[in-house]
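What follows is a set of notes on a single structure, which appears directly below.
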Amino acid sequence: MRKIAVVVTARPSYSRVKTAIRAIHEHPDLELQLVVAASALLDRYGTAVKYMERDGFPIAAKVFNVLEGENLTAQAKTTGLGILELSSVFERLEPDAVMTVADRFETMATAIAASYMNIPLIHIQGGEITGNIDEKVRHAITKLSDLHLVASEKAKERVIKMGEDPAKVHNTGCPSIDLAEEVIQRSALDYDPFERYGGVGRIKDWENNYIVVLQHPVTTEYAESRNHIGETLKAVHELNIPTFWFWPNVDAGSDGTSKGIRSFREQNSIEHIHFFKNMEGRDFLRLLYNSKCLIGNSSVGIRECAYMGVPVVNIGSRQNGRDRGQNVVDVDYNSENIKNAILSSIQKERIKDFTYGGGNAGKQMADIIATTELDFKKILQY
Amino acid sequence: MRKIAVVVTARPSYSRVKTAIRAIHEHPDLELQLVVAASALLDRYGTAVKYMERDGFPIAAKVFNVLEGENLTAQAKTTGLGILELSSVFERLEPDAVMTVADRFETMATAIAASYMNIPLIHIQGGEITGNIDEKVRHAITKLSDLHLVASEKAKERVIKMGEDPAKVHNTGCPSIDLAEEVIQRSALDYDPFERYGGVGRIKDWENNYIVVLQHPVTTEYAESRNHIGETLKAVHELNIPTFWFWPNVDAGSDGTSKGIRSFREQNSIEHIHFFKNMEGRDFLRLLYNSKCLIGNSSVGIRECAYMGVPVVNIGSRQNGRDRGQNVVDVDYNSENIKNAILSSIQKERIKDFTYGGGNAGKQMADIIATTELDFKKILQY
Amino acid sequence: MRKIAVVVTARPSYSRVKTAIRAIHEHPDLELQLVVAASALLDRYGTAVKYMERDGFPIAAKVFNVLEGENLTAQAKTTGLGILELSSVFERLEPDAVMTVADRFETMATAIAASYMNIPLIHIQGGEITGNIDEKVRHAITKLSDLHLVASEKAKERVIKMGEDPAKVHNTGCPSIDLAEEVIQRSALDYDPFERYGGVGRIKDWENNYIVVLQHPVTTEYAESRNHIGETLKAVHELNIPTFWFWPNVDAGSDGTSKGIRSFREQNSIEHIHFFKNMEGRDFLRLLYNSKCLIGNSSVGIRECAYMGVPVVNIGSRQNGRDRGQNVVDVDYNSENIKNAILSSIQKERIKDFTYGGGNAGKQMADIIATTELDFKKILQY
Amino acid sequence: MRKIAVVVTARPSYSRVKTAIRAIHEHPDLELQLVVAASALLDRYGTAVKYMERDGFPIAAKVFNVLEGENLTAQAKTTGLGILELSSVFERLEPDAVMTVADRFETMATAIAASYMNIPLIHIQGGEITGNIDEKVRHAITKLSDLHLVASEKAKERVIKMGEDPAKVHNTGCPSIDLAEEVIQRSALDYDPFERYGGVGRIKDWENNYIVVLQHPVTTEYAESRNHIGETLKAVHELNIPTFWFWPNVDAGSDGTSKGIRSFREQNSIEHIHFFKNMEGRDFLRLLYNSKCLIGNSSVGIRECAYMGVPVVNIGSRQNGRDRGQNVVDVDYNSENIKNAILSSIQKERIKDFTYGGGNAGKQMADIIATTELDFKKILQY
């Protein structure tokens, strides 16, 4: 019986790993130790922990380590605190392996605590290219990890090229695609978004004709966050199509973005936009599946939307370098270009894409984790 | 005028970077910000900071972050604390770039604090292979670094293979070789080691016939440290050659090693061994240069001793994978094998080796740092 | 020239100490080292640091140590982090004395860091009674402090009774009264609150007939915060008098309070209430001076309003035990009682009260600090 | 069933609380949660945790928080780290009350974490006077504590005078006296100290004529530690009586003390002194009971030795202000005075003293804790 500590630090990471958590939880040879940390615990970033509890997963430990402060120093310190706290958690839980997800700055804390404590480290979503600070973190975690469960063939190639043992690199596809597959199976919007998620604004006549916006600040361009979001707001405002707009998650600069939205809202009458703080993953995917287009820079556009065939207007550099399907149009931070891209996207034909897997990543991951040799020593393969 | 923060966390790292620090300090276009942290500040690991002050370098900040406790959790927490402290230091000093040395577990704190604060990171000694936990840390730091100043051609090849931009990888050789070159220029033992460094034991008639031992615990084999050191003690004890023995530096397991030495000393009459806590780098190299052989697992055997042509008996896995010259004989943790290897080594002819540079690494580094473009954004080169 | 480090951790503490900071800054024998920490740096608690900069005080250090999380554990950790950070700051600034203000939970970090580093500690506002968790913290800080600058005669008596050396206890009055005195000198509302402070709501015809609300959560009754604020909201809503309502500052439970306000606002049409996030101290006092009544549990009601003769409806236990003048009516968390208390208060005649000093506390404090013997050793006086 | 978390941070604290721990562990209405922290876990301070395990107490949590560094900043940070770690421990254990012992600088971390988390705090050994930095900490902890179990009538008076509710202050005597009573019951030295505790030196003919030395550095006189210990070493060296000398425990300055001892030992032939790192409490008391005299500044001289009637030469300021019996002679840091005091003490008649209790403090404490009302709210009693 292998004890597998899965550390989830943010709402978006949870949907990236949910079916893997479920498969570990249900696997006869694995014991799940779910550790919830950082913004996944915080109200103003959507309290992802509530969804985990609702999904029936027992929480083994909660780690509060987000230091307040709209600056990069606070981000760095959040990681330092994460190591202090997670090392105590790992000492108590004594997992046989630790699983860390993707590339957010706090995930480095998980990787370091596990590595230094000689616990085999499993990394999900290594080998991808994005062109921001996350890129550094992601590849550094690859170098600390002992088992790589990647989401695409190109990612696999890259991880191996970086010097990892090919026997330790498996392309399982991305667990987020598993959720998209579930949504496609039962695709009708079976809930009232206003009733279930509240939010500000009450748009009308949207059912068959709406778009969705989710745009995160780009960490390394901290000061420009506010301008970036302003261009998108302008474009969407002018289009006057019913719109669901989601607040971004925590990051240095998120305040620039948030302020931009708030101030725009105060200065403009925007009756066709409804703002949500967050939404449970499945409901969100279903909302996307039934939408005309997703606008912003979320990786959900590259991954789940590709698999579901939903058109995406991808703004700016955040997804640079990520392999993408034909559903995506890239534009820069320019309201006119954004507007035009939306207009052409909402008329596109839908084409499915399998770059990020076939819908059973979670199960594959659990099987590999249950049967592969787990070790914490490794050497460069050249 | 570029401000370069160099973070030194341990005694051995200091000699690895000393000529680079000097060259930065003296360079007309660079301003040195020397940050001393972790065991480099602590008395029981040799207070490296005193040598820095004696060498005339101004100390910009001191960071105490070593958490006591002979276990891996404390190591992880030491790194967490390092991030908390170093991020404050960097915020105050506002360096144009941060330089981190090699691969000790605490160096990760430097790399993370700098990366998350969007400060370009310079890494010395990337691309080398050693086969222990340091290996993971070293390559992870490579993935966080923006400029790589490596010590050998093979290291350069490996760093580039890992996906780094070739334009950002420079083989300058190792600054430790610069010190070896200085020693060769004036090689006579010009000091009395007992008078200058005290220590326990008073060996006699050693001037023209002595060996040196320096053996560190191997982190990931924590529990075995005591046995490992026991084999070496047995071999050296039986040989009855005048011996200078150096205490290892801090690491989980260092207590196993230290206890092994203490208990051996209490149970045996060992008049031909003198124990030193530490020694200033130049004096140490001069002692090595005039010795018959170095025994243990220090990288000084692979690097400086190679350049100086001193025979080395390298014990166990700590230097596995490191490129080495003809001066090195590898043995396992077995007193008989160690004894035989020493006996044959002390009769070897000396041959110089240039694998790790030609003696002007520090100057080359400063010139590159002063003139190259410094950036904190990068992408994988494939 | 004595270096005096003044540590300010929150917006309300700043007005409690502003004239003392100014007097230290201007004193020929003192050098001000202003350290800004915790919520005083954070946007969502009013960014008190901006007012300090605008008031012309140089900031010697900024300390981010607020850990996010709506729970008591996060509060405790915030204090732990404060000690880690402030000890580095004090080591660097080398103050001759550290001044800490009042009793907020983060001020303990200041007191401990200074005490353990053998730096004489000056405490402002010791000896007061309030009946909440702050009470413990305040008296514990008294026991760590070497010089006590208290705000009333009763406070002085209590501090001496606790075993402090009478020679080290001075009743200077409260610096907040200095600000009230300045306001009285020039009392007309000389700014447009909407224009200068924005906020939500646009009330009308308020100039000669308005009330002000400021109600903080009571830490040790965490879960009840939301109910508490609900009673006040109900009372004020029903009265239908033009109202300026201020958001509370950070504390466990502040989210209960904030949520209560938000949800009330969404469910009710409240055109006669305008919500402010915060206000610069002088403007706030001027607003109070010209108001009919202050409602809530802020100590500004007990102190500044007493000196200015403004009626106060004090709700619940937060100010329990504090000496108070005739301007205050105490009520429990009951909307009917609150409503009636407001109705009778707004018709009261104004009477000034000098319990908390005569308006020159800051200057007195600076003079004492400049001339008294500063020591960090003391013993119980019985 | 009340869960009582007892936090022990150092070897000497353990004997101060051992019989209380045992009584809590055995009490039908109490559940012991033993938390071991700081130097109580560290090898170089005697690994008190081993004795706890040997005594059969289950360890609920271990907290590593000692930051290395021979300076006051590191002490302050150790406390900060203690809060970070202990708050997680308390969150997990959910104790009904936390018990903290005495006044060491790390105990403040326990007190703060418990107070801020609204957990009732029980303080052992409040109200005593000592005249050093511990004094501040001790009385500050009194102000944070909700239940006071003090060791003498005078201590009780002082705690009440400080404004605590008399109903919450109980004079139980000191649990250390319980251990002294057990030793008196069976007083013969029933073990071989060399065999059981090793140590350096092998003194002879000591059985009926030996003295014991235990001298700690005095925190606030950091730099002078080495001189202080030098005077004692000189006195004891000249007396030439068989001596058992114990290393001090951790504190800033302990290195001054340790270095003084080491360097004296290297420079002098001291065949009549045997050095111990530490000793289990009961064995230590038995050794004291059979000795001619205790020299140094340990509180064991004031407490246990008084009850056992053993003469004590108390050096310097560390025990200043503590109530003491006729067994104690006070001297300053002067080798001649120390020597004379020892000579006269070893000829004194033995007189028992009951100032610190009658030998059943532990049981009384457990009974009070099991039956008294536990609350975390309190107000000053004047």
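Chains here go by letter, A, B, C and D, matching the order in which they are written, and residues are numbered from 1 within each.
In this text, a contact is a pair of C-beta atoms (placed from the backbone, for glycine too) under 8 Å apart; a residue touches a chain by one contact, two chains touch by 3 or more.
Treat the numbers as computed from the prediction; the structure is a model and nothing was measured.
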Q: Show which chains lie in contact with chain B and also with chain D.
A: A, C
Q: Compare the CA centroid of chain B with every other chain's and tell me the farthest one.
A: C
Q) For chain C and chain D, what's the span in angstrom between their mean Cα positions? A) 40
**Q.** Computed distance of Cα centres, chain C from chain B, in Å
**A.** 53
Q: List, in ascending order, every residue of chain A touching at least 2 other chains.
A: 73, 77, 81, 84, 88
Q) Quick one: in the complex, what on chain B touches chain C? A) 81, 84-85, 88
Q. Okay, in this complex, where on chain D does chain C touch?
A. 72-73, 75-77, 79-84, 87-88, 90-91, 105, 108-109, 112-113, 115-118, 129, 131-133, 135-137, 139-144, 158, 161-163, 220, 222, 320-321, 376-380, 382
Q) What part of chain C is in contact with chain A in the complex they form? A) 41-43, 64-71, 73-74, 77, 81, 255
